[in-house]
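Presented sequentially are two complexes of chain A, the first with chain B as partner and the second with chain C.
For the complex of A and B:
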C-alpha cells in the first residue's frame, strides 16, 4: 500500500519539476523579447530597386539613395491601421539628424499616399511607391508595417516586423543608431 | 453588430460554464438530483452560446468585415470562400474559439448520449468538463478576444498565411482539435471517477467510445497535417519531428495506450489506476502541446504568433488542470481496488507491454521535444534535436511494439500460451521470410535496414489476413458459409484488424518514403532529360500563371519510361501571394499504388535553366492508405460499441437480440 502511494505521487512530482522548467523558459522568452527567426535579409545589401514618389515634387527612392548615412526604411500603407499607430514614433525618429527616414508605400497608390501624408504629416525624407508589391517581395516583407535599418555601407543591419513601439525604439533602434554614428 | 453579439454570447457561455462546474458538483456530493440534472441542460446551453459566437465570427470572415481586427490580420477580400472560412481558425484567437466550441460540443454529446450514465458520474464529468471551459473562456476573453474592433476600418485585409491556404490544411485544425479536445472527455471521466472513488468495468465501457472517437479524429488530423507537409512544403518529407508535430503526436501515443488499457479494465477489471493516469496524461499532453505551440517557449516554424504573456496564462491553466488532477490522483488512486490476477504471458500481459512501449515512446518524444528548453534553462546554448535523435530512440521502441501487435491478440485472457500463438504465425512467418529474401536482394544496396521495416510490415499484413481467414472459418465451413460468417463478425474485430492492418501499411510507407527514396537536385533547361531511379524526367518549360489571389511560376515536367513512353506529367508551382508577398511551393506528385514521383520547381538560373528537386518514393502512398485504414478501423469499432453502450434500453429491440444470438 505504501509503495502504491509513492507511485501515485510520482506523476505529480514530475509535473512540478516540468512546471519549473516551463516557468524558467517563459521568463527567458520574455527577457529575450523577440524570438522570431531573424529576417533572412539582415546582413545582406539592400536589394536593387528604383521606385517613383507619390508626386513629382517629392524625392523618390532608389537603392543608390540608401548610402553614405545611416538609413531607416519603413514599409507602410495608407490602408494599414498599425502604420497610423506608429506614425508619431516615426515622426519622432525623423527629428534625429544621425539618420534619414525613407518610406516605401506598400501596395498603395500615389494618390492615396499623398492624401494620407497630407492628413497625418510627412516624416519621410524620401518616399517610394511600391504599387505592384514587387519591391516588398525582394525585401522579404511579410506584412506592413516593417522597419529596416541600413548602415552607411548599404547593408541591412536590423529588421523589426509589426508596428514600432516606444520600447523597441529606446532599447533597440536608438542604441543601434548611436553605435552607427561612432 | 454581429461581432458584438458573438462577444456577448462568449461572455454568456463563461457564466453558464461557471454554474455548470459548480452546481452539479455540489448536487453530486449531496445527492440532489435536480442540481445534478442541471449539468446536462447547462452543457447544451453553453454549446449553443458558443455556436452563436462561432457563427458570428464566421460571418465576419465570410463577409470580409474589416472592422474586426482578427479579420484584417487573417483574411483578404480576394481569398476564395473556403479559405475565408478556414481563416476563422487559422489564427490564435479563432482557433481557440473553435477549441472551446468543440469542448462544449463534447459536453453536449455526453449529455445527449449519456442517458444511461449514473447521474452522479454524469454530473461530475460534465462539471469537470465545464471547469476546463471556464479556464479557456477566461483565457479567450481576457487575452485573446477574437471580436476586437478596429476604428477606422481598413479597406483590405492582410490575408491568411498562404501556407495555410490549402484544402488539406483547411480541415487539419478542426480534426486535430476534435481529437485533442475529445481527450478531455476521458480526462473528465477520470477525474470524476477519482472524486467518486469508484472505477469499474462499466466506467471503462463508458470511457472507451469517447477515447476511440477522439483517437480517430486525432489520427485523421495528424494524417492531414503530415499529408499537407508532404506536398506543400516541397521537401519530400512527411514528418519532421518539429515541436508542433510532436505536440500532436504525444497525445496520440498516450491515447493509443489508453485505448488498449481501457480494454483491460473493461474485460478484466484490473489496471485501473494506470488507466486513470493515462486518461489524465493524454489530455494533459494536449494542453501542454497547446502551451508549447502558443507561448513561444520553443521556436518552431508555425503560423501562430508567439506571445510569452499568453504563455503565462496557459501555464496557469496547466498548473490548475494538470497539477490539480494529478494531486487528486496522488490522493485517491491508492484507494482504488485492483481486480483480477493474470500471468505475464496473457492478453493482459500483451496489452501492458503495448502500454509500456507506447508510453516509453511518448517519453522519448517528450524529452526530444523539450530538451532544447532544458538545456537553455540550465544556461546552455540554443540547441535543436533533430530526426537522428528520434530515429535512434523512437524506432527501437516501435519495433517490439509492432511484434507485440502481431502476437498479443492471439493470446488468451488471464493465461496465454505463447507457443500456440506463435504456431498460428508459422505460415505467415514462412511467407514473410521468403518474400523478404527476394525483396532484400533488390534493395540490399539501397538500404539494408529497410528490409527490417518491410519484413515487419509484411508479417503484420499476412497476420491480419490470416486472422480474418481463421475467424471466418473458411476451412471448417467452406467458402460461402465462411463469407457469411465474415460479414457477421463483430465490428470491434473488424475495427481492430483494419487499424492494425493500417499500421502495417504505415510502417511500409514510412520505410519506403525515408529509406528507399531516390533524390536528385538538378538544373534543367527546357527539353533536357535527367534520370531518376528507373525513370527519365524531362523538363518541358516553365510559364507564369495567375490564380485568384496569387501569381505563380509553373513548371512542366514529364516522366518517361525507358521505352520513351510518357508515364506522367507534372506541373509543380511556386506561388507568390499578393496579400503579403509570401511564397509557397506546390509539388507536382504522381501517385501510383506502389510509389510517388515528386517534382518541385526551384529558382531560375542565369542561363535560363531551372533548379528542380526530383524524388522517387516507393510505397509513399501507403502512408495515407495506412492512416486511412486506421481511422476507418476506429470508426467501425465505434459503430459496434454504440450498440452496446446505449445498451439497457435497447435490449428489447428485436434486431439487437437477433444480432446477439447470431454472434454468440
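For the complex of A and C:
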C-alpha cells in the first residue's frame, strides 16, 4: 500500500518539477530584458559585409575592419528612441582604449544619421549605413538597438538585445572586455 | 420590433460562419509586389512562411505579420527559392541567423527533448501507477474470493462470513 502511494504521487512530483523548470526559464529570460531572444550568432565569425559611411570623410565599416582588436558593433538608428537613451553609455564606452566602437545605422539614411550624430555626438570609430536592413538580417538583428562584442579573431562572443543599461555594461560588457584584453 | 431584434440576433450568431466563407480568413500580409510570378514557387514560399516566426511580433508567422522585418524575411524566402534552394535550405538560411527560435514549431533535439517527451513520460508514469493500483485491487478481490471458497467447502449456506456482532444481530432478528 505504501509503495503504491509513492507511484501515484510521481506524476504530480514530475509535473511540479517541470513547472518549476519552465518558470525558472521564463524568469531568467525576463531578467535578461524583455527583448530576450537567444542569439544564434554568438560563437560565429562576423558575417561578410561592406557598408558605406554616412559621409565620405568618415570611416565606413566592413568585415575586414572587425579584427585585431576587441570590437563593439552597435546597431542604431536616428529614428530609434531607445538608441538615444543608450547613447551616453556608448559614449562612455568609447573612452576605453581596449575596444573600438562601430556603429551600423539600421534602416536609415546617411543624411539622417549625419544630422543625428552631429546633434548628439559621435562616439563611433566607424559607421556603416545599412539602409536596406540586409546586413542587419545577416547579423540576426530583430530590432534596434542591439550590441555585439567581437573578439580579436573576428568571432562574435556576446550579444545584447535592446538598449544598454549601466548594469549590463558593468556586469557583462566590461568584464568581457577585460577578459579579452588579457 | 421584436422580429427585427431577432433577425439582428441571428445575424450576430451567424457571424463566425461568415468569417469562414469570406476571403478575410486568409487575409494576407503578403503585398502584391512580393508575390512571385511562378505560382509553384509562390505556393512553396507561402508554406515556408507559415512556419517562420515574425521575430518582432513573436507569436505570428511572417506570412501573417505586417512588420517590416516580416516583410524582409518574406522577400528573403522568395529570393532563396528563386536561386534554387530547397524548402529545408531556406529554413536553414534563417536558422543560421536567428536560431531555431525562428521556427514556430520547435524542432526535436537535445535541447527541446523535455518539451516533447515530458508529457509522455508523465503519462506513462500515471499509467504505471494506475496499473499497479488496479492489480492491487484485483489481488485483494482474489484473496477474498479464495477465503470464500474455503468457507463454502466448510458450509454451503455460509456465503458471507459474519462477524460476532453481525451474527448476534441476525440471531435477534430471526428470533423476533
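Operating definition for what follows: the second predicted complex is superposed on the first by the 145 of 182 C-alpha atoms of A that agree within 3 Å, B and C clash if a C-alpha of one lies under 4 Å from a C-alpha of the other, contacts with A are read in each partner's own complex, and residues count from 1 in each chain.
Here, contacts are C-beta pairs under 8 Å (C-beta built on N, C-alpha and C of every residue); 3 or more make two chains touch, one makes a residue touch a chain.
Because the structure is predicted, anything quoted here is derived from the model rather than measured.
Judged by the touch definition given at the top, the superposed model places A:143 against both chain B and chain C.
In the superposed pair of complexes, A:21 makes contact with chain B and with chain C alike. In the superposition on chain A, A:79 makes contact with chain B only, while chain C stays out of contact range.
Among chain B and chain C, the chain that touches a larger number of residues in chain A is B. By the touch criterion defined above, A:41 lies against chain C but remains apart from chain B after alignment on the C-alpha atoms of chain A. In the superposition on chain A, A:133 makes contact with both chain B and chain C. When both complexes are aligned on chain A by C-alpha atoms, chain A residues 1, 4, 8, 11, 15, 18, 21, 37, 107, 133, 137, 142-143 touch chain B in the first and chain C in the second. Contact residues of chain A toward chain B in the complex are 1, 4-5, 8-9, 11-12, 15-16, 18-19, 21-26, 28-30, 35-37, 79-81, 107, 133, 136-137, 141-143. Chain A contributes residues 1, 4, 7-8, 10-11, 14-15, 18, 21, 37-41, 107, 133-134, 137-140, 142-143 to its touches with chain C in the complex. Within the complex, the chain B residues that touch chain A are 72, 150, 152, 154-156, 158, 273, 277, 280-281, 284, 291, 295-297, 299, 301, 306, 308-309, 311-312, 315, 318-319, 322-323, 326-327, 329-331, 333-334, 370, 373-374, 376-377, 576, 578, 580-582. By the touch criterion stated above, chain C contacts chain A in their complex at residues 55-56, 68-69, 72-73, 76, 95-101, 114, 118, 121-122, 125-126, 128-129, 132-133, 136.
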